[in-house]
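All chains are identified by letter, namely A, B and C, in their written order; residue positions are counted from 1 within each chain.
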Amino acid sequence: MKKFHRAALGAIATAAVVGLTLAGCASSNSLSGGGSGGGKAESITVGSANFPENVALAYVYGGALKAAGADVSYKVNIGARSAYFAALTKGEIDLVPEYAGSILSYLDKSANAKSGDAVKSALDSALPSTLVAGTFSEAADSDSLNVTADYAKANNLTSIADLANVSGSVIVAANPEFETRPDGIPGLKSVYGLTNLTFQAINDSGGPATAKALQDGTVQVADIYSTTPSITEDKFVTLTDPKNLFASQQVVPIGTKKKLTAKLLDVLNKVSAKLTTKDLLAFNGRIGGSEKADPQTVANDWLKANGFTK
Amino acid sequence: MDWGWIGRNLELIGTRTLEHLALAAPPIVIGFLISIPLGYWASRTRVLRSILLTTGNILYTIPSIALLVLVPVALNLPILDPRNVVVALTIYSIALMLRVATDAFASVPADVRASAVAVGYSGVQRFFAVELPLAGPVLLAGVRVVSVSTVSLVTIGAVIGIESLGSFFTNAFQVSFPTEAYVALVLVLVIAAGFDVILSTLGRVLMPWRPRAVAPKPIWLRRTANGGA
Amino acid sequence: MIFGQAIAWIFTGANWVTGPVALQRLLETLVTTGWSLLFIILIAFPLGVFIGHTGRGRTVAIFASNIARAVPTLGLLSLLVLLMGIGLVPVVIVLVVLGIPPLLAGVYAGVESVDRQTIDASRAVGMTELQIVGRVELPLALPLILGGLRATVLQVVATAVVASYFQSNGLGYLVTQGLASTDYVKMLAGAILIVALVLVLDGILAVVQRLVVPRGVSRGRADPAGSPRTGSRRSAGRTRMPVLQEGMQS
C-alpha cells in the first residue's frame, strides 16, 4: 500500500477509535450528570418502574413539569420497586409515579388503611422525611390474579380464596419479586391460607408472555395489572380480593421535597386530577396493541389533549 | 415485522445506537491499555502470572448481570450510573485481554530479546521498539475478540435501566414486539462488525509487516507434507 | 462484608430446600446445561472433524463463529421467547447457538494441527480416511478438543444466567430474583454458586483431560515445533482454563 494511503487510513482509523472513546467518556459523563440532578434547583430526574404504563406516567408527570419550566431528565425502566425506590431515597432520581396501596405496604408492612383518606395520612407518615407525596389520582392500577374463563368454570373460582379448593398444582406466574414481596406469595399464604401454590417467574409485569403462558395452560394463575387490555381481550377472569391483599392502587407521584417546590407539586396534582383509569387503559392499549407506540409519544399526546402542552 | 415502526422511530433508534457506542468503546480501549503493562509483567514473572490469570479467569466467570449491580454496591456508587456498565465491561475486557497479552509477550522469542539487549536497547526502548511490535498481531487478535464481546455485553445494562440497544430487547419482550428486537439485533451486529473493521484496519496500518494468513489447500490437492505443490 | 453475608446465605441449609430452593435451581442448571451440551456436541463435533480433516468450510465456520459470538444473549433470547413462549426450548436453543463456536473451534483446530507427515504416513500404511480420523487425528487432537469443550462449558453455564432473566430457571434465577427484589445478598450468593459450579465442572474436565489424553500426545505437544498449518501457536498440552480460546461471556 502506498505510504500516503497507509498514513491516511491510519489517521482515520486512529481518529475513529480516539473519537469514539472520548465521545464515550463524554456521554457517560452527561448521562450520569443528569442523574445527580445537576446544580440548578429546578433540574429534576424522573424515574420509573420497568413496565410500560409506569414509564408512560413518568413521561406524563415529567412532561408537565417541563412545560412548567423545570429542567427534566429521565431514568426509566429502572426495575422493580425495591430498585427504583432505593434510587429515589438515595437521591439518584427525584420523582417517581407510584401506586398508593403498594407503596404504603412497602414502606409500612403493618399498615392496614383501606379507604382513600386513611391511606393518604398513613402514607404521609410512613414516607421518609425527605420525600413528599402528591394528591391521589382517581386513576388506579392494581395487581390482580387472573385465570382463564375455562379454568374458572372448571374449578368454580370467583375469589382468590377459592383457590384453596383446587386440587393438583396451581402455578402462579408473576414478576420475580412477587415470590418474596409481602403482598405476593407470602401474602397469599398468610392472608388467604393458600399452601398449594408454586411459583413461575415471568419477567414481563403481566405482559404478553404471561398472557400466553396463561392461555397455554403453562401456568394456572397470573398476576396481570388491572389496566392491562389483555384481561378483557383474552376473556380472563379476575379473581376477587375480598380480604384486600392488593389494596386499591391509586396513582400518586412521590418525589424529593427539595426538588418539588410548591409550584411544581401543584402541577403534579393538576395532572393527577385529570388522570383517569380509562387513560391508563388507553396508554396500555396503544403501547401493547398493534400500534406499539413509544410510551413517551403516548404521554406527549395525553399532555397535549389535556392542555398541559400546546 | 413492522417496517413502519422503524420509520416512525428513527430518532429513538439513533439515540440508543449512540448510547450503545458510548458504552462500548471505552471498555475496549481502557481494557486494552491496562492489559498491556499488566500482561507484560505477567509474562516476565511466574508468580504474578498465575495470580493475574487466575483472578482474570474467575472475574470472567462472574455473571454479567451480577457484576453490573455488585460493582457499584461494592464501591458504594449510584447504581443507575451508566459508568457502572463501563466499569463492569472494562473488568471483563481486562480479564479476557490479560491472558492474550501474557501469551503475546511470552511468545516473543528469547533470542530476539537478547539481541535487542546486546545491541544496546534500554528496557523501555526495547519494549516499544521490539517486544510490543512483535506481540502486536496476537494482541490485535485478542482485542478484536474483546471488542465483539463488549459490544454484545452492553445490552445487559438494559436489565437495570441503563439504556442502549439492549433496551429494545427488554421492551420487545414487555409488549410482544419482535420488530424492535430484530432491528436492535441487526444494529448490534453491525456495530460489532464496524468496530472489527476499524481494529483490523488499525492493525494493518500499524503493523504492515504482518504476514497474511494463507488458507491451506484441501487434503486431496496436497502432495507433500507441508502443502507445497 | 456483603461477601460474608453471601457465604452465610449459601451455607444456610434452609435456602437450599425452601424459599429460593437453591437445590432445585442447581438441578435446573445441570439439566439445562446437559441438554445444551448434548446438542452442541452432536452438532459441533462432526462439523469440526469435517472442517479440520478436509480443510473445507473453515472460512465459513470462522465467520459463523464470529457472528455467534457477537449475538447478544438477551436479544436472541427475547426474540425466541416472544416467538415460542416461555419454557426450556428457547433457552436451550440460545445456549446451543452460543456454545457451538468454542467447541467447533477446538475440534477443527485440534484436527488441523495434527502433523501432516503423520497423516501422510497413516495414508501410506493403508488406513482409510475414516480410520485416519478415528485412530490418528482424534487422539492427537484431544488436548485442543478438550480445551474447546472446557470453553464451551464455561460459555453455557455463564450464559444460562442471562437466560433466566425472563423466566425462573437455574442458578441464574437467584441472581435475577435478587435483582428484582434488590436482595444483593441473594444475588451475590447466586453469582458465587455459579462461579463455583463453573470451577467444579472445569476441574472435572481438567481431570478427564489428564486421564484421557494419551501420555505420548501431551508430551509430544509440549513443544509445538511441528508444522501446524494454521500458524496458530496454541500449545496443546496445557490444562489451564481456556478463557480466551473463543471464550465469550453472555
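Some notes on this structure:
To be clear about the criterion, a residue touches a chain if its C-beta (ideal position, glycine included) is under 8 Å from a C-beta of that chain, and two chains touch if they have at least 3 such contacts.
Computed from a prediction, not measured in an experiment: that's the story for all the values here.
When chain pairs are compared by their number of contacting C-beta pairs, B-C comes first. With chains reduced to the mean position of their C-alpha atoms, the one farthest from subunit B is A.
Taking each chain's centre as the mean of its C-alpha atoms, subunit B lies 19 Å from subunit C. In terms of their C-alpha centroids, the spacing between subunit A and subunit C amounts to 38 Å. Averaged Cα coordinates give subunit A a centre that lies 35 Å from the centre of subunit B.
Multi-chain contact residues of subunit A, defined as those touching 2 or more other chains: 79, 83, 86, 203-204, 208-209. Shared interface positions of subunit C, i.e. residues touching 2 or more other chains, are given as 81-82, 165-166, 176, 179.
In subunit B, the positions touching at least two other chains are 158-160, 170, 173, 176-177.
Remark: subunit B residues 2, 5, 9, 12, 18-19, 21-26, 29-30, 78-83, 86, 158-161, 163, 167, 170-171, 173-177, 179-180, 198-199, 201-202, 204-206, 208 touch subunit A in the complex. Taken in their complex, subunit B has these residues touching subunit C: 53, 56-58, 60-67, 69-70, 73-74, 92, 95-96, 99-100, 103, 107, 138, 142, 145, 148-149, 151-153, 155-156, 158-160, 166, 168-170, 172-173, 176-178, 181-182, 184-185, 188-189, 192-193, 196, 213, 215-219, 222, 224-227. Against subunit B, in their complex, subunit C makes its touches with residues 2, 53-56, 58-59, 66-67, 69-76, 78-79, 81-83, 112, 115-117, 120, 154, 158, 161-162, 165-166, 172, 175-176, 179, 184, 187-188, 190-191, 194-195, 198-199, 227, 229-231, 233, 240-241, 243-244, 246-250.
Residues of subunit C touching subunit A in their complex: 19, 81-82, 85-87, 165-168, 173, 176-177, 179-183.
Of all residues in subunit A, only 79-80, 82-83, 86, 175-177, 179-181, 199-204, 208-209, 212-213, 216, 218 touch subunit C in the complex they form.
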